[in-house]
Structures are given as structure tokens and as C-alpha cells.
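Note that the chains take the letters A, B, C, D, E and F in the order they are written out, and that residue 1 is the start of every chain.
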Amino acid sequence: MMLRIDRLPVELPASPKEDPVAAKNVQELLGGRFGEMSTLMNYTYQSFGMRSREKIRPYYALIANIAAEEFGHIEIVSASINSCLNGPRTDFDDSGTMEEGVWKDLPSGVFGGHYIASGQSALPVDSRGMPWTGDYVFSSGNLILDLLHNFFLENGARTQKLRVYQMTDNPAARTMLGYLFVRGGVHALAYARALETLTGVKMSQMLPIPKIGNATCPEARKFMEAGLHLKLYRLSPNDYHEAGPIWSGEAPKEYTEGYSDGAQLEFVDAPPSGGDLAHLAGIASSFAPEYAPEEIMEIANKLYKKAKDL
Amino acid sequence: MMLRIDRLPVELPASPKEDPVAAKNVQELLGGRFGEMSTLMNYTYQSFGMRSREKIRPYYALIANIAAEEFGHIEIVSASINSCLNGPRTDFDDSGTMEEGVWKDLPSGVFGGHYIASGQSALPVDSRGMPWTGDYVFSSGNLILDLLHNFFLENGARTQKLRVYQMTDNPAARTMLGYLFVRGGVHALAYARALETLTGVKMSQMLPIPKIGNATCPEARKFMEAGLHLKLYRLSPNDYHEAGPIWSGEAPKEYTEGYSDGAQLEFVDAPPSGGDLAHLAGIASSFAPEYAPEEIMEIANKLYKKAKDL
Amino acid sequence: MMLRIDRLPVELPASPKEDPVAAKNVQELLGGRFGEMSTLMNYTYQSFGMRSREKIRPYYALIANIAAEEFGHIEIVSASINSCLNGPRTDFDDSGTMEEGVWKDLPSGVFGGHYIASGQSALPVDSRGMPWTGDYVFSSGNLILDLLHNFFLENGARTQKLRVYQMTDNPAARTMLGYLFVRGGVHALAYARALETLTGVKMSQMLPIPKIGNATCPEARKFMEAGLHLKLYRLSPNDYHEAGPIWSGEAPKEYTEGYSDGAQLEFVDAPPSGGDLAHLAGIASSFAPEYAPEEIMEIANKLYKKAKDL
Amino acid sequence: MMLRIDRLPVELPASPKEDPVAAKNVQELLGGRFGEMSTLMNYTYQSFGMRSREKIRPYYALIANIAAEEFGHIEIVSASINSCLNGPRTDFDDSGTMEEGVWKDLPSGVFGGHYIASGQSALPVDSRGMPWTGDYVFSSGNLILDLLHNFFLENGARTQKLRVYQMTDNPAARTMLGYLFVRGGVHALAYARALETLTGVKMSQMLPIPKIGNATCPEARKFMEAGLHLKLYRLSPNDYHEAGPIWSGEAPKEYTEGYSDGAQLEFVDAPPSGGDLAHLAGIASSFAPEYAPEEIMEIANKLYKKAKDL
Amino acid sequence: MMLRIDRLPVELPASPKEDPVAAKNVQELLGGRFGEMSTLMNYTYQSFGMRSREKIRPYYALIANIAAEEFGHIEIVSASINSCLNGPRTDFDDSGTMEEGVWKDLPSGVFGGHYIASGQSALPVDSRGMPWTGDYVFSSGNLILDLLHNFFLENGARTQKLRVYQMTDNPAARTMLGYLFVRGGVHALAYARALETLTGVKMSQMLPIPKIGNATCPEARKFMEAGLHLKLYRLSPNDYHEAGPIWSGEAPKEYTEGYSDGAQLEFVDAPPSGGDLAHLAGIASSFAPEYAPEEIMEIANKLYKKAKDL
Amino acid sequence: MMLRIDRLPVELPASPKEDPVAAKNVQELLGGRFGEMSTLMNYTYQSFGMRSREKIRPYYALIANIAAEEFGHIEIVSASINSCLNGPRTDFDDSGTMEEGVWKDLPSGVFGGHYIASGQSALPVDSRGMPWTGDYVFSSGNLILDLLHNFFLENGARTQKLRVYQMTDNPAARTMLGYLFVRGGVHALAYARALETLTGVKMSQMLPIPKIGNATCPEARKFMEAGLHLKLYRLSPNDYHEAGPIWSGEAPKEYTEGYSDGAQLEFVDAPPSGGDLAHLAGIASSFAPEYAPEEIMEIANKLYKKAKDL
């Protein structure tokens, strides 16, 4: 089961402009083969199907717990896309009439689904607009093979994120990327260490892939400075403690990149404090939440007040 | 963000036999167009992208909170599939040598992926073996249209579940189905009431679809008796209270089917107590978690003990 | 069986320019999940498979007859795309040599298939270029569920059309859209009324979805003025009369939007008079119908004359 | 536009048993790459997009008119599948309770979608259960290439039908096949003749492909005896006369196989008289049209009577 | 089995600029339904599965041998795409820092996968970015039908190539196209002749499709002048001699287009001499082969030297 | 470019019976995500797109050369499927008339495409019948990431093969599997060594995955005894020598499993001697190569004789 917290893992700045091209490219990191839908669902299904779970509990706990963090990652990548599609709007936007056709000068290469299907919000598709598919899930049941897969997946995801970073300077996208370079790095190292305990092969020495540190990106640097690369969050009221011994000991030097060299890896007993969800203005042209939403907002308002009184 | 609880929404009985045919059919309810992956992801993406969220908060809270319950539903459908694939085994199963070919007499119509790809565990695919796809997500941003979609989706899902019920008498499958008839009924009614507040149209009078009560199935009856059809769980440490006024008032008579007629709908401030995860024996022929897993179990055991000492 | 009439439901103006961007966006309304291929095929397969058809004949007749109208809708959406791709050309276009590369400055975001695959004509794909798929067909056999689906489908289709309207001011596209706002409205109301007879739930009060009248669009207004929103065409030499009582009585006031308020819904005993098919000039660069088609045109001409003599 | 006739091209015998395996295999001929969805949609889109249509009218008329016949072919293949899924049932079937699970002993290799999704009726999918897709449509705009494609498509379709014929002896399937061997043969010859007029290449000499006559199948023989192989139906109230000169002259000897050798090809000015639609009994276990449909049948009955009085 | 030669069938000029739009369009000719992946795999699987191979050996040898040439064709189409993506770069390109975002001004309609997924190189996808699929393979086992398919496939491929030619004037693309017009012409004629021997139908008279000679393209002309249209290469150390009698005799006049009229078709006993592989510079922004590859180049260099000493 | 040798890498025994169930399962190893189409195409596209190829030549040569061997692997997996579908037949099989329906008692769970589409031969699809897709190709351009991918791919492929081994005791399948356990092991070790040279991480110590030796399978044992696990074949007339230093040195002890412990890895300068292609009888019911093929066999025979005289 899952409890949901109505916050993002980290707060994102608003996009300074409506930026559908960035939104389209970032979709790859949500619904592509190496997107966060894939990390979420790979680890989720591996945890569902793990055999002899009771006897290999540290590995189970590690995978199940990282799966939980990945839900926050589909949330933040979506928030980044939504911010790019919203731009700096804060109020209900009813500029333009139907007849004027507010979107008639959109660049022809944007993802049409953002306008036609989703009311300018993120969808579980990649940068082609092709849907995420369950065939991206690898869950073989063999522990070493699944961990090797996960190690590869995290590094493939990092590579693609580094490339998308170079395709946009939108701060809503880059802040999300900076955060995920660091958090994805934690997951890659966690799987490397799990493999090391099982095989003796020093997978962590292969990192980073590609051979370029997180600190190259200013947006990642501030999270390194805050020591986020050292923390694995335990995302459960009472469970998954057993992952602790895998995420422990001194962080490898190449990994810390001069930030807290020699520090200990830490299994933190709480979720990150996180940040507020981005504000998404209503838009008449998208009928989101309605063309002229006063009436439903009034209804909602009454219900809302009633809720507060409960 | 998400916190994960290492329990199922409800405990399932073990499948009395290895039952790959039931497992294949139940896959439709996990990865098909009307499977739980669809309910989970539809509501999740609708909640991510909702515009003017602050002003229509009760509807936001309702959708976001039901999304959280759906995670438990992919979990329990997967658990049911996994139980069918495991059968009554409790110990590591190393019967048969490679050469004997333990699977050479499988019925030819089972889903090969359960044996070749996943080590006898659930995958996010449908009963054809075709993957769940992000194109099943409908998130238009228009509040009424999204709610109408959700109402339709829940009823389509119910119809398919009633049909799968008739394709198997496996108790691991039927217990899951009985539970979901009741919980899916809660969601259908919740979306009906949300539409009623916004449009005045009495959608709840259309229920049940098809016109056959939950109580037709003994496995559902016990959950009706326990009053589960009256409860919407608030699945969050601190959020989503605002959904309360939508899920309130007297339950419609057709809905209660004689179980607690006239009772009030209740927004419960906690997750269900739930049940233990099913035990899944290791299987040598699947190399899950390994062909001869003693060594890795010993490593895990040491780590596990270390974890307990923390 | 089907008889085909070589006319469009309504005549479209020629596109004033070659407009591949509009053509691409309009493809969503042909081959997307909510495109006219979907309405055509959903109702067609529901009519093929309806059980106890003889006993629920009014509903059968309604669905089967609307299916017939949808063939005209894939025709007119295709005609609109073809007009955008053709532009104002009327004669065979052999400007430019192969070597010059007449298409080398196409905007990079157009749908390449329009140039590479189809000779500048419509294909059953969506705005991503992804094909329409039979998985978009919902035909459960349960009458209420199928009608609910159809009601949802029509409203989803309307929402997407309203959005595409705002993406283009091309008159070939907007005239088609204006016509389909009205005709789609007829179908939505027809399914609403069918549900009302069966369940007593006043589905028609939910219309329009989104809450914006057809009359917002000048292109729809002229069809409202002509009373097309009141007419359901019987598209059969001798069959489907039984749908009449469903499409009868006074039109709801919100539905008529001030056009013929209080008027009666009318089941018209004929197809619309319709309009001429659009002219599509031959194009050398597309080899459509040939690079230098004189020879085949001469052959065709002889056959044509022979035909007239028959 | 299209007018619909509520009859099948030819009447089919009822399947003597519930035969889901035949139903599954026949799906290939409906929704597969060479199924009737493909012939219908290929010719339909070619006719929509044909350039210089006025100048190559005989070819346009031929393709547009054959497209119209193909609608009857998706209808009859669907009817054949529906008959196999229905079996000899004639009354509403409410045998078995939910709890008994009437489908729990289905062969594991049937197409689950026939039971879970469609209420035991045909869907636009192939024998794998994979959906028909718009990517099966070839419409290049080049007349010779499109005709060559169509000639190939018809022969590919014939080959697959001959193979499915050998996979079943169900009369509902074989009667449909016998009919389509003859009608598909007409279309193959029509495209061959069209190519011959344009290129001088004697494509008709390549027929039949494979080299096995229709008369090998008793079910085809009776249609040969009735001379159906000589007739092309004009399926339009007023249009498509211009195709006549292509379908004229003496039928090739290999083609007639001794049935009416030396006879003239005939462009018939009417649709086939056709046959009654198959009766499909209601089924409680499928909730089609409902679990206990008395109430809706009564409503429908009243509407039906009202219709007769109109 | 296969032996690989590290050369292209013909040498390509470098693209004078980074040209991602040309690269995207050319992808259709690699991974589209009519791309070289399709010709390669169709003929390969037909050769794998041919029955009575020993008795119809000339046809087997023809198809198997043409399959071998198609490997060189996926190679050269890929090389053309890679050249467009590389542009005139010759040295390692480390211009721009991560932070600058070298790709932030890419046209929005390029194929994102070229930047995000593949490090600026070709992938087996079409111009939509959709993957080549095994469903494009037609291998019926019926010899005449397979040959007819192949004849159609080659002509469909030619049509699409002629269209892509008009979408770009990039010499890396056009040189490839000129070469393949000629080689594809050889294959089309070869299949035509095979069909002629079996059926007596003069398929070669239908060529070229579309009716525009290769010589229209200057890039093809030089290969016609060199007589490449007359040669079928035997691509095997010792096998496939038996195809010779099919590719023999005088070339048809329309086919030679005035180049070597009356010359004999020639089955050449060797592969083409071919050309050097294109040089692809390393790119820091793509991390291809690494962000700062000195270290791995040094390692490779040592290994390379060691290899030379062997 | 490629030269083709008309032999299999190793000879397969004939299947003792027609075994469509084995054929279906083995398809996973041909057209599934971890099938030989994937290994072939991954390495092929990586070699096509490698940047700075001249400077990292040993790695280029390794990947390009292994790609060449994979062609032989799609060949042998296909041959194994074809053998299962053929059974022990050696002569043209014309038993049974069309009317008898020779396939009407096929098990319902076989892959219908083997009978309907392909004339009882292999297709590039997986065990669901779903096509291999180009999205299975990973070619990032980053050398370490691509090698890591390839290492993972080979181990995933091995795991699935070990599982399919247990699903059949058909010698045509098991001999192929035994051969590929050994050859896939060579490739896994080759990629491990390549990674070791670049990163110092001892990847080869992770092998085998799963932890079960090849020698468990008698069919693999004989190839181990013949020392095939020590040999990498150079599959090129003149190229790819530079891969030698990667495949050199002493074979790891766990890898040799007691077969030639301490032996040196060997880069063999030739293809394997291989085995004869399997004989596939003609089948009337499949029209492969024809229903009654005498005529075309006679034509072929004449051409064949002519070829021998050349």
C-alpha cells in the first residue's frame, strides 16, 4: 500500500515562458525507455515478484524502497513539464477567443498531444509522443540479473538526462535535472553496492557513466553541497529498515567529487522535506478545468469550506 | 511523494495449485486497458496536471487520494497472479534437473512470458501478453470530462472483473476479485457523486453496471458485511481531507444491497489494516532468486542481522 | 452491406495555401483515439455484435445508423486534410524538377508520411503519425456500458475538436469542424437520450462538455441556423426506422442555444444533400497519379467515354 | 457518404457448437494485415486521396466501389466469428450462476478478449489478439503502384483464407470462406485488369495465387455455380458507373475453372440480395445485453412499437 | 553465416553541415515499412524458411543473395544519416560546456532520439521515430506470392526514395539515393524476371514505377554510366551461383534508359569494390565515445598496437 | 558489406515430430527483447554509429565482428524453429485435401501465424507473436555504457535460453540451445573483458549469470569439450584483427568449468566449419512452395542445370 504526500521532492522554479519544446524533450525522461516511469515500474514489479523475499530481505527492502522514491520522480518530471507548458501564468487565462485561435502559431514540432489531448499537461509518453509501455519492465526474478539491469538502467537514464540538459536552459527543467542527477546517482551507487556484496565485483568504480561529474551542472552542485548524494531516504512509516547495511560506509571519492569527501552514506529515516507543488493556472483555451469555470469553482469552494469544518 | 507500507490491502489465500491459466487471465485486470495500471495512472496523471487545483480542491483531493489507493490495487492483483504462479509451494523448489525440463508439459496456451521472462511473477501486461501502455491514460484537464471518464473506466473495469471471475475458481483470484468489486464500487460511486455535485445529474442511479449486485459473489459478500463499501480511506499522513464532503451522506439503497441500508458514507482517516504479503517460494528452474541461492541468502542474512541491530 | 454515395456530407472550401501543419493536427481527429475512425468503428462493431438485437431494436437501430453517418465523417475529415495538403492548386502541378527538390524547405515538424508515404493525402493516423488501432474499439456487449462509452467518446471527441479549432484558421479545417461540432452534438444527445430511457438518469443535462456552446464558432453557427442540430439522418434505403422514438420530442434548451428553441428533434428519412468532393490536383513531385500522367489519363479517358455510353 | 443495408452479403449457417478456437483463427481474416479491415481501409483511403480523380475516373470508380463491397466483408467475417462464439444458442442463456464460473474450463489458448472484453463478439484484432492498425493502409497516390499493391493484397488475403479454411470445419466459417474465395477472386481479377489496361502486362495470367482453384472448396463451388465470380456489384445509388469498362469482356478460362467458361464479366447494377443477419442470443454470463435484461427489453419493446406506428 | 567487410558499397561525401532534418527524413528509408531493414529482413527470412529449397534452387539463391546485398544497404543508409548528423566535423568536438547547452536551439521538429538516445547516429526507426517492426516481414512460403511481394516492395521503396530525394539536397543523402535507385532497380528487375520465368507474365514491362527514369537524378546517372544497373553481385565465397540464369540475357530497353542499350545482364562474381566508411568525429556533448575520451583512447591505442604486432 | 555462406554455424538434428509448441516458445529467442535479432541489431547499429572509431579500433572491431556472428545466430534459431515446424518430413507432403482440413485439430495455443502467415516457418516475432522492434536497439554512442548494455543483454539472453531449455526436450531446439549457451558465453566474456580493460572492474567474475554452468546441459557439454568456449571467430575476409588483444590471455577458471582449465583464449582466423542447412519438405497444405509444385520445380530445375553449366 501507499500513502501519498501532497508535496514534490524538491520545489521547482516557474518556467519564465511557455516552453512547449522543452516540455516535449523532457517527456523522454518521463515516458521513455529510460524515463522515470521505467524506474518506478521496474523496481515496483521486481519487489512484487521477488521470491524467497524473507531470506534476501536487505535486497528486497532496497528495491522496494527505491521504488517508492521513484513515485516522487515521476511527480517531479511531470511538474517540470507542466511548468514549461504553463509558463509564468498565475491567474486564469481567458485571453483570446475561440475564433482567434490562440494556438495557431505554435511551432509545428511541438507535441500536439500537449494541446489536443491533455490540456497542456504531462502524459506518460516519450519525446516522440509514443506511450510508455509495460515492455520496458525487466523483472527476471534472478537477483543478480535484476540488480545488473537496474545499475544499467540508472546509468542509461543519467546519460539521457545529461543530454536533455543540453537541449534546454529552462530553469524548471534544469532544476529538476540537477536534483535527479544527484538522486539518480544515489540509486546507481546503491545498486552497485548491492552487486558488490553479492559478487565482490567493484561496480561502483565504474561510476560515473558517462565520465562527467554531477558538479558540472550548477543546478546539481547545490544539492551536492547540501549532501543529498549521501542520503538514502526510508520512504515508509515502518518498513524497509533492512536496506540500511547496503547503503552504509564511506562514500567513494570519485562519487563525492570533493563534496564531503570521506563522509558516510546515510540511510535517513524520513522522506525529504520537499517543496510545494507548482501552481498551474486555469486556461480557457484548454477548457482546463473549464472554459469559464466560475460555477464549478463556487461549488468546489463550498465543499472545501465544509471540509475545513470537519 | 509516496510512503510505502509493506502490506497488501487485504490478505489473499494461497492458490491450491500452480495455475498459470488463471494467472494469464488475471493479467487483463493488471495491464489491460481496464486494468489497475490504468486506474492508477489515469488518476495519478490527472492529479499531476490539474489546473486551478487550489480552487477545486475537493475534486483534486478525491482524485489524488483514489490514485493512492490504486497503488494497493496493482499490488493485490499482482499478488493474486503471483500466487497462481507459485501454487502451494512454501519451500525452495529444486525438484527436477535442467535436463528433465520441468516445464515441457505446460499447457500451450499459458503466457510464455511468465516462464521465460519473469521467473513466474506478474508483469504489467494484459491477457494477450501485450504491455500496458501510457496511451490508456486519459487526462484532458477538463474536470467534468475527466470525472465522466473515470466513472466509465471504473464500470468498464467492473465488467471485466465480473467476467474474469467466471473464468476461474481459484481462491487467490476470487478473493482479490471480491475485494475489488467492493473497492471499485466505492470509486465508481465517488466519481458519480463528484459529477452529481457539479452537474446535478444523478449518475449514481446508473449503478451498478452491469446490473448485478456485488453480493452475487460470496467473496464480495464478506467485505460488504464488514462495511467496506461505505469507507473511503484517506491514504496520506496529512493531506486530502478536502475530499470528505464528496464522500458523505447516506449511501444509495441500490448500492448497499441490503448491507447496512441507510448507513452513512465514511471518509476513514487511515489506510486499511491490510494483510501480509504472500509468501513466494524460491524456484530453481526459474533461477529466482538463483539456481542454488544458499550463498546469496547467507550474505543477505548477515546484512539482515546487521539491520536489526541498527 | 453498404451503398456509397460519391458526395461529402457538406462541401468544404479550398485551403487558401498548402498547409501541412494544419493537415498534421487535423489527423488527430481522423486516426486518434477520439478521431472519426474510432466513432465509425466503435459503433460498427457494437452493431455487429449486439446480442438479443431483435428485442432491443431501437438501440440497435440507433447505433447502427449513427455508424453509417460516421463513414461520412471519416470522409470529410480526410477531405479537410487533403485540401490542406493540396492548397489552392487546380491544375496538374509539375513545377520544379526532381533535382530542385521542391520539398527541401518544408517545415521540419510536418508529418513526413504526408510527403513520403501518401502522395500528400490523408492516412488513418493521429497527429503523431501513429496509426489508428483496433484497440480503440470498445464493444462490451452490455448495452448501458456501451452507450455510456459512446456518450463519453463523443464528448472527448468534441473537446479535442474544439482544441484543434484553436490551432488553425484554415477554412478547410474550420468548416469541417463547424459541421462536426453540430453533428457530433447530435450523436452525443442521441446517446444521452438512449441512456435516459434505460436508466432515468438525465444525461443530456450534462451537455455541452466542455461548457461552451457550438455557436461560439461562426462555422458552426450557420449549421445551427439551418437546423442541422435537430436532425438525425436515416442512412439506409429501408432500415433503422426503429431509432425514431429515441430521437424525438423537444430539444433541450441548453442544446439549442437559442437556435429554434422549443423545436422538435427530427428523424429525417434521407441522407443530407451533401456537397461535391474536393478537387485534388495531380502533383508531379508526388507521382500522383503519375510523374507525367498524360498516357494513363488518355487510357482512362477512353474507358470513361465507353462508360458513359453504357 | 454511406447508406447501410441491414443484411449480410450472404446468409451463414449457425455454428453447431460454441467454437472459440475457430473464432480466434478467423479473427486473422478480419483484423490481420491481410484481413478485411485492410481491404476496406486501403481502398477507402486510396479513393479519398486520389489526385486528378476526374481524369482517371474509371480507376477511381473501381477502387471506390470495391471499397464499398469490403464493408460487407468486414460484416460477414464478423458474423462468422460471432456465430462461432454464439454456437447454436437461440434463447437468452442464463445457465450457470456467477459462482459456478461457466468459463472456467475454456481451452487456455482461446482469445481471452472474446470473453473478457467483447461479450463474445468479434473485435478488429488479428489471431494474436493484436489490433488492426492504420499502418496496414498503403495509399501512395501513384495509380499503378496502388493497383499493384491491391493485386498483391488480394492474393495475400486469399492465401491466408485458404489456410484458415484448413484449420476449421465449422460451417459458419467455411461458408463465409467459400463466399469470399469467390468475391476476393473478383477483386483480384478487377485489379489485374486495371493494371493490364495501364501497362499491357497480363497480370490476370498470374491467377490464381496460390495455384489451386476455388472449386477445391465445396462451399465456394455453389457460388461459382451461381455465377458470382462473373459479377461486380455496383454498390451505390447513382455513382461509380465508370468502372464498367474495366470489368467487362470475357472471363479468362483459368479463372472460370469450368464454371461458365467463355461467359462475359458483368457489372451488376445493384447490391447482392444478401441474407439475414445471424441471430445472437443474449448471454447472462457476458451481461450482453444485460445480466437479466427483461427490464431493458420491455423499454425497448415499447419504443419499438412506437417506431412501427410512425 | 556471414562474413563482414569493413567497407561501404560506395563511398559517400561528407555532409557540408549538421543536417538533422535530412537525417530524420532519411530514417524512413532505413526503418520504415519500405526501408532497407525491410528488404534485408524480408529476403533473409524468406531464404531461411524456403521449402523444397533444393528443388527450386535458382530462386532460393536469388533471394538469399539479394538479402546479402541488403546488409550493405542498411549500412549505407545508416552512413548517410550518420553523415548528416555529423556534418563536416573531423576532430573531436568539445566546443561548448554542459551549461551552455549546445543543443538548445535545435529546430523543434528534429528527431529527438538522435540527440537523446543515440549520440547522433542512425537507429532502426522511421521518420516518425517509430521502430522498424518484424511485422513488416512477409514470408508466406509460396514462391510466386513472395516474389510478387518483393517486386511490390522494391517499387514501393523506390517511390519513397524518389520522394525523400526531393526533400533534401544534402549530398550525403543524395549520393546514397542515387546509388540505391540503381541497385534497387536491379533487385526489382531480378524479381520481375524470376516471376516471368514462373508465370510467363512480363512483369519487367511494368518498370519503372513511378514512370520516371533513374537518369533524372544526376547522382544516379554516374552509376548508370558505370554500368552498375547491369550487374548483380554474387555476395558469397562459394554459394548462390544458381541465381545466374535468372539474371541473364539482354537488359530491357526501358530499363537501360540509353545507358548501354542492348547490353547483357551480368552476374558478377564478387562484391563491389566499395568505399571507405565515413569518418565520425567524437562529440563531447554526446559523450560519444566519452565526454573527455583521452584515457580510453590511450587504452585502445595500446591494444591496437598490440593487434598490429600479432 | 556482407558475404553470405550457405551453411549454419552448426548442424541441427531433425525434430522427431511436428512440434509447434516448441516452435512458439523458441520464437522468444529470435524476436523477443533478448532474442538474437536484438543481439544482431544492437551490435550492428553500435558499429555503424561509433564515433572516433579509428581511435578506439579494438572495441569497434570487437563489436562489429560479434555482430557478424549474430547473423549466424538468427539463422540457427530460425533453423531450429523451422525444424520443429517441419518435423521429420523429408518428401513433399500432400496428405490430406483442403476439405479435410489438416490443421483443424492443432492445439489452440500454438502461434497461428506459423500456419496462417508463414507457411510453417520462423518469423521475427516473440513467443507472444509480437514483432521484434527497433526499439530494442540500444546504441548510445558512449562506449562504456554500450558495453555495459551488451554485457547485460548477453546475460539476459542466457537466462531466457536456460528457461526455454526447460520448456522443451525437442533435440532441434536443445542442440541449438547448447550451442548458443557456449557462443553466448563467449560474447558475454568478451564484453566483460572489454569493460575490464577500460574500467579495471572485474566484470568477468560476475559470470555465469544465473549461477549455473553450461555443462549442466549435455548439449552444451560437447561444445565445451570441443573447446568452442575458447574461440572467438574472426568473421571477415580481411578486417577486425584489432579485436584480438581483448580476446586473449588465460580463460577464467569459473568460465571453463573444468574444460581446458588454464587454456588461452583464441581469436580464430576463420568462420566455424558449420553444418548443412536443414532440409524443409514442401507442404501442399501450406502452398509452400506451391500446392502442386511440379511445374515450378521443373522450371527451376532447368535453370539450375543451366547454372551448373556456367
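The rule is short, and it goes like this: a residue touches a chain if its C-beta (ideal position, glycine included) is under 8 Å from a C-beta of that chain, and two chains touch if they have at least 3 such contacts.
From a predicted model like this one, the values you see are computed outputs, not experimental measurements.
J.: Return the chains shared as contacts by subunit A and subunit E, ordered by label.
T.: Common contact partners of subunit A and subunit E, which must touch each of the two, are C, F.
J.: So, comparing C-alpha centroids, which chain is the farthest one from subunit B?
T.: E
J.: Using the stated contact rule, I'd like to know whether C-E or A-B comes out ahead in C-beta pair count.
T.: Of the two interfaces, C-E and A-B, more C-beta pairs touch across A-B.
J.: With over half of the numbers shared counting as same, classify the subunit A/subunit C interface as same or different.
T.: Mostly different residues: under half of the interface numbers shared.
J.: Quick check: how many Å separate the C-alpha centres of subunit C and subunit F?
T.: 49
J.: Averaging over Cα atoms per chain, report the distance between subunit A and subunit F in Å.
T.: 38
J.: In whole angstrom, how far does the Cα centroid of subunit C sit from the Cα centroid of subunit D?
T.: 24
J.: Which residues of subunit E are in contact with two or more other chains?
T.: Touching at least two other chains: 107-110, 117, 128, 130, 135, 140, 142, 144, 159, 210-211, 286-287, 290.
J.: Once the touch criterion is applied, which pairs of chains come out as touching?
T.: A-B, A-C, A-E, A-F, B-C, B-D, B-F, C-D, C-E, D-E, D-F, E-F
J.: Under the touch definition given earlier, write down the residues of subunit F that touch subunit E in their complex.
T.: 1-9, 31, 37, 41, 44-45, 48-59, 61, 64-65, 67-68, 71-72, 74-75, 78-79, 82, 86, 92, 117-125, 131-137, 139-144, 197-198, 235-246, 271-272, 274, 277, 279-283, 286-290, 293, 296-297, 299-301, 303-304, 306-308, 310
J.: Within their complex, state which residues of subunit F touch subunit D.
T.: Per the stated touch rule, the residues are 96-104, 106-113, 115-117, 128-130, 285-287, 290-292.
J.: Residues of subunit B touching subunit C in their complex?
T.: 33, 135, 138, 140, 142, 144-145, 148-149, 151-152, 155-156, 159, 195, 199-203, 205-206, 209-211
J.: In the complex of these two chains, what residues of subunit A are touching subunit E?
T.: Residues of subunit A touching subunit E: 21, 24-25, 28, 32, 107-110, 127-128, 130, 159-160, 162-169, 210-212, 216-218.
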